[in-house]
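In the part that follows, the structures are each spelled out as structure tokens.
In the two complexes below, chain A is the common chain; its partner is chain B in one and chain C in the other.
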Partner chain A sequence: MSFQSVPFLVSLAISVALYSLLPQRWRSVFLACLSFAFYLTWSLPYTLLLLLVTVYIFYLVQKLDEAEETRKYRILWQGVVLLVVLLVAGKYGREVLMSLPAIGLSSSIVNLVAPLGISYYVFKLLSYLMDVYAGKLSAEHNFAAFAAYVSFFPQILAGPIQRAVDFLPQIRAARQAQPYQLSSGLRLILFGLFKKLVIADALSALVAQIYKYPKGYTGFELLITSYLFAIQLYADFSGITDIAIGSARLFGISSPKNFENPFYAPTIQEFWRRWHITLTSWVRDYVFLPIRMKFRYWGWVGLTLSIFINMILIGLWHGATSPFLWFGIVQGAYMVVSVFTLKKRDAIFARIPGIPVFRLIWQSALTFTLVSLSLIFFRAENLRMAASILSSILSRSFFHLGIGRLLETINLVWGDTRFVVVVLALVYMEIIHLVQGNLKWRAYILSCPTALRWLVYYAMILILFFFGDQSAKPFIYFQF
Partner chain B sequence: MREFLKTAFLFATGLAVIFGLLSAVYATRVSERDNFYDLLKRFENQDVRPSVLILGDSRPIFGLRRKFMDNAIYNFSFPSETYREMLLKAEYALRQKPSIRYLIIPIDYHMLSSFYAADKDATHLFALASSADIRSVYEFSPGALALAVLHGYIPLTDPEARVTFITVIKKDVYSLLSGRVEKRTTFVTADGDLVPTDETSWSEFSAAAKEARADRRIHDHLRSGPVVTDAMLRALDHLLSFAAEKGVGVIGVRFPVTTEYENRMREVGLDGVDAAFAERKNKFVSELDYLRWSREREDFFQDADHLNSKGAEAFTKQFVADIRNVIK
Partner chain C sequence: MDREAIKEKLQTIFRVVFDDNTIELSDAMTAEDVEEWDSLNHINLIVAVEKEFGIRFTTREVYAANTVGEFVDMLEACLRRQGKIT
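This part shows the complex of A and B:
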């Protein structure tokens, strides 16, 4: 059951009503059952696997809680190894099996080795295990609350990766959602659907058309396409995140932010602090910082190694393919250059008067361009295609600056009405993001007359209804 | 919480009102101007008492002109109609006009294809058939039937209807701003023919353009999947048995196409279609093949597989004469 489908929205409304009618002690049980039932709509074997893992880690953590200090480390490793093996097998087993045609496995069997949302729930469980071991969190003894945390349906397919320390107290309290949570949750769901169906899916059709035959376009057109794909990915991923956070809010559960205007980031470091925040903060806390500590006496080599390991891990988290590996390497290289040149750049710009505003715009534009270029690895079908697109962008043809073919493609894929709608929707999305990030503006908008605000919501619903993509394209981050 | 529920109810009511208003606009601007309903109204006229009823898709509707037919022959075809629609229309027509003795149906090569099998838009048919009949002919599951009923009675719930709505509204806005009335792509003439607004002549196109256009048509009609589908065969058999049950003769007609279209069509491989129609040959009173009719007259065609007014005039004369021969 996909997040943008009518059955999902109807069952969400019914579930929220039932949840609020239930006595408090039954709510976590209800939420766990509901989450497993939601996951079951995707696949029975995946659901059984999720149940098994949940039960086993619950049991392990009970043992960890009762064990003597000397045994705790072994129990932790037992859990960590199991989860990592599961993650590697789940994420990369498919690629391995597919690369071995001699075995002759049917595609349905191969597909079984890629459970949906595995990266999200395994990361949740890993952090939970490590936090309990480190004493940051006490072991959860209520299985229903724990199962609800692992399988929480708004988050299981595409995050955000919420930490147990944040989630479990909320599910234990199992409070009914307050009216402000309901209205803000509904607003977020509406905005998420708007981003996905009006912006991301429209851009997806256009980008797909261009990626079918990239050689037919000039370097300049391909650069614009790479910007468009970056925006598509953002609208798609932040759209599903908004729906997830909004849906959680309807059950009175607050979720962590996953994005904070990443395309306005002035540096690559800042970009990664604003993009897929729950993944990057997870990798920072459980991978980067421990490695950095290990390499702390190695000077700049240690820092470079830590950054590269961190970024390559983020790249490979998306899948075991060479384009994702290169995505991680390129991001690592950006980050290393950015970190090591920051002081010098600051010193140079400090000498030029009146430069800060110009620098901010220039830095944001450059960061956006660098990120968009690295995302070519993300979108291309293989490394050869990515290399070919990048070489076109970096070739002399770039300076012809012709966009005739691109405009033709836009006309073919969208037509004039859709073009206007997509452009206006993009502007609207950015206004909303800026408002969301500014308390003063947010307060002002919320103080506007109800009729005015409702008009905006009605307009969004109508645009979704008339211009939203009806082909139910899956969310990009579902596959991870 | 009560306050929230009250607000939510008010919001939903407002949304329902807006949807109602848009549906009213749709009913006046789109449904009322829908050529299908116009043609249906004309057919329902009591003075119409045909003995021969022509059913079919865009080829018969664009390729025949009422002016050159007598009152005994009535063209009740409509663009994109498949054997499913023809069956439901035949059932309806025979209830309305017991004078009908012959049905003319197309036996063109694309009629059995997956392109037509995939067309499950039954919106128009709610005006002339019951939900149960639609369900049985379209082989809808209960859910699909519910959706079809919803689309039939509340058209704006249908994504395709929304696209039409936007197109119409866009034209209205354009007309309002420019003061010029935007032309519709097709319209019903005073005679009751459905004709395209802008007619072209196939002879005006370059050779490359002809090839490209013919290729595109064949891609849509025959290359999107199997050229013979069980679903379309079942609908055809259903239509033939219905006619036999009612004692109505069926005449099969293959309509004219251009050389470019036929050449591309032959590349696909049509033995299956020939075999399917050959198997049912005895169920037809007669089969008339006009596939290569007036092939040298490219100016008779407006595109790869449709006649223009000039071609339609010449074709209707020949067609009517042949039909008279068959039914005399």
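This part shows the complex of A and C:
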């Protein structure tokens, strides 16, 4: 059952109603069963896998919590190795088997799909295991609460990756959603669907058409396309995140945010603090920090190594293919250059009067461009295509600033009306994102007359129906 | 060396590492309260503290400290364990 489907929305409404009617002590059981039932609509064998892993870690971590200091480390590694092997086998096993001669061609291998959400629930389990080891929280003794945490259906498909220390107290309290949580949850779900169906899917169709024959476009047109893909990815991923956070809110559960206007970030470090926040902070806390600690007396070599390992892992988390590896390497290079030169650059520009505002705009534009160029690795079918597109952008043909071919393609894929709708939807999306990040503006909008606000919500729903993509394209981050 | 003395010495280190003489440490303070105290600078802070106090932290100790107060407690425990204070 996918998020952007009528059965999901209907089931969600019924579940929220049932949840509020249940006595408080039954709510975590209900949520756990609901989440497993949701997962079951995808696959029975993988639901059993999810259950098995949940049970195993539940008991292992209790054993770790009660063990003597000397044994804790061994139990920790037992859990970590199992989870990492599971993640690697689940995510990359098919590719490895496919690359083996004879075995690779077997139809049973070709038809194998990775367990849904494995990147997300394994990361949740790993963080829980390591947090208990570090003493940040005690082992959970309520299986229903723990199972609800691991399998929580709004988050299992594409995050956000919530930490146990944040989620478990909420599920134990199992408070019914307050009226303001119900209304803001519903608004967020609507906004998420709007971003996905009106913006992301429209951009996806356009970008797909251009990527069918990228050689037919100039370097400048391909640069614009790379910006469009970055925006598509943002609308798609932040859309599903909004649906996830909104759905959780209907059960009175608050989730961490995953985005904070990332394309306005002035540096690449700041970009990663604002994009896919729960993944970046996870890798920072459980990979970067330990590696950095190990290499802390290695000077600039240690820092460079830690940054590259961190970014390559983020790249490979998306997929074990060379484009994703190169995405990680490129991001690592960006980060290293930025980290080592930022202080000097700040010092130089601080001496020039009147520069700060222009510098902020320039820095944000440059960061957005660098990120968009690296995302070509995400979109291109293979390394050769990515390299060809990049070399076209970075060649002399870039200075042919005509966008005739691009406009023809826009006309072909969208037509005039849809073009206007997408542009207005994009402006609307950014206004809402800026409002969400500012308490004063949010309070102002919420104090506007109810009739006016509902006019906007209904307009969104109508635009969704008339201009939303009905072909049920899957969310991009489902595949990770 | 008592807890207050440790905290005072730590404050000096903070001011040097983050290049800000106005930093005043409080137990409830976290990385969000100090500009430039991010994951990249955090390890610079750890190295400076280790050099100044002549100790070595484990990753677990560093990870477990969420606030300045917890950091000071952890530092005090570490100093005691390594025999630097009684």
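Note that in this section the second predicted complex is superposed on the first by the 469 of 480 C-alpha atoms of A that agree within 3 Å, B and C clash if a C-alpha of one lies under 4 Å from a C-alpha of the other, contacts with A are read in each partner's own complex, and residues count from 1 in each chain.
The rule is short, and it goes like this: a contact is a pair of C-beta atoms (placed from the backbone, for glycine too) under 8 Å apart; a residue touches a chain by one contact, two chains touch by 3 or more.
These figures come from a predicted structure and were not determined experimentally.
*Asks:* With the two structures overlaid on chain A, would chain B and chain C clash, or do they fit side by side?
*Replies:* Partners fit side by side after overlay.
*Asks:* Who does A:Trp300 touch here: chain B (first), chain C (second), both, or neither?
*Replies:* Neither chain B nor chain C is touched by A:Trp300.
*Asks:* Just to be sure I read the superposition right, which of the two partners does A:Trp441 touch: chain B = first, chain C = second, or both, or neither?
*Replies:* In the superposed model, A:Trp441 contacts neither chain B nor chain C.
*Asks:* Just checking: does A:Arg292 make contact with chain B only, chain C only, both, or neither of them? Give me first, second, both or neither.
*Replies:* It touches chain C, and chain B stays clear.
*Asks:* Angle chain B-chain A-chain C between C-alpha centres, in steps of 10 degrees?
*Replies:* About 170 degrees between chain B and chain C, seen from chain A.
*Asks:* Look at A:Trp77 in the shared chain and tell me whether it touches chain B only, chain C only, both, or neither; answer first, second, both or neither.
*Replies:* After superposing on A, A:Trp77 lies clear of both chain B and chain C.
*Asks:* Comparing chain C with chain B, which touches more residues belonging to chain A?
*Replies:* Answer, by number of touched residues of chain A: C.
*Asks:* Does chain B (first) or chain C (second) touch A:Phe340, or do both, or does neither?
*Replies:* neither
*Asks:* Go through the superposed model and pick first if A:Phe358 touches only chain B, second if only chain C, both, or neither.
*Replies:* In the superposition, A:Phe358 contacts neither chain B nor chain C.
*Asks:* After superposing the two complexes, find the smallest distance in angstrom between C-alpha atoms of chain B and C-alpha atoms of chain C.
*Replies:* It is 36 Å, taken between the nearest C-alpha atoms.
*Asks:* Within their complex, state which residues of chain A touch chain B.
*Replies:* Within the complex, chain A touches chain B at residues 176, 179, 182-183, 417, 454, 457-458, 461-462, 465-467, 470.
*Asks:* Could you pull out which chain C residues touch chain A in their complex?
*Replies:* Checking each residue of chain C against chain A gives 38-40, 42-43, 46-47, 57, 59-60, 62-64, 66.
*Asks:* Can you name the residues of chain A that touch chain C in the complex?
*Replies:* Those in contact with chain C are residues 130, 133-136, 269, 273, 284-285, 288-290, 292-294, 296-297, 303, 339.
*Asks:* Show which residues of chain B lie in contact with chain A when the two form their complex.
*Replies:* The touching residues are 1, 3-4, 7, 11, 14-15, 18, 22, 159, 162, 165-166, 170.
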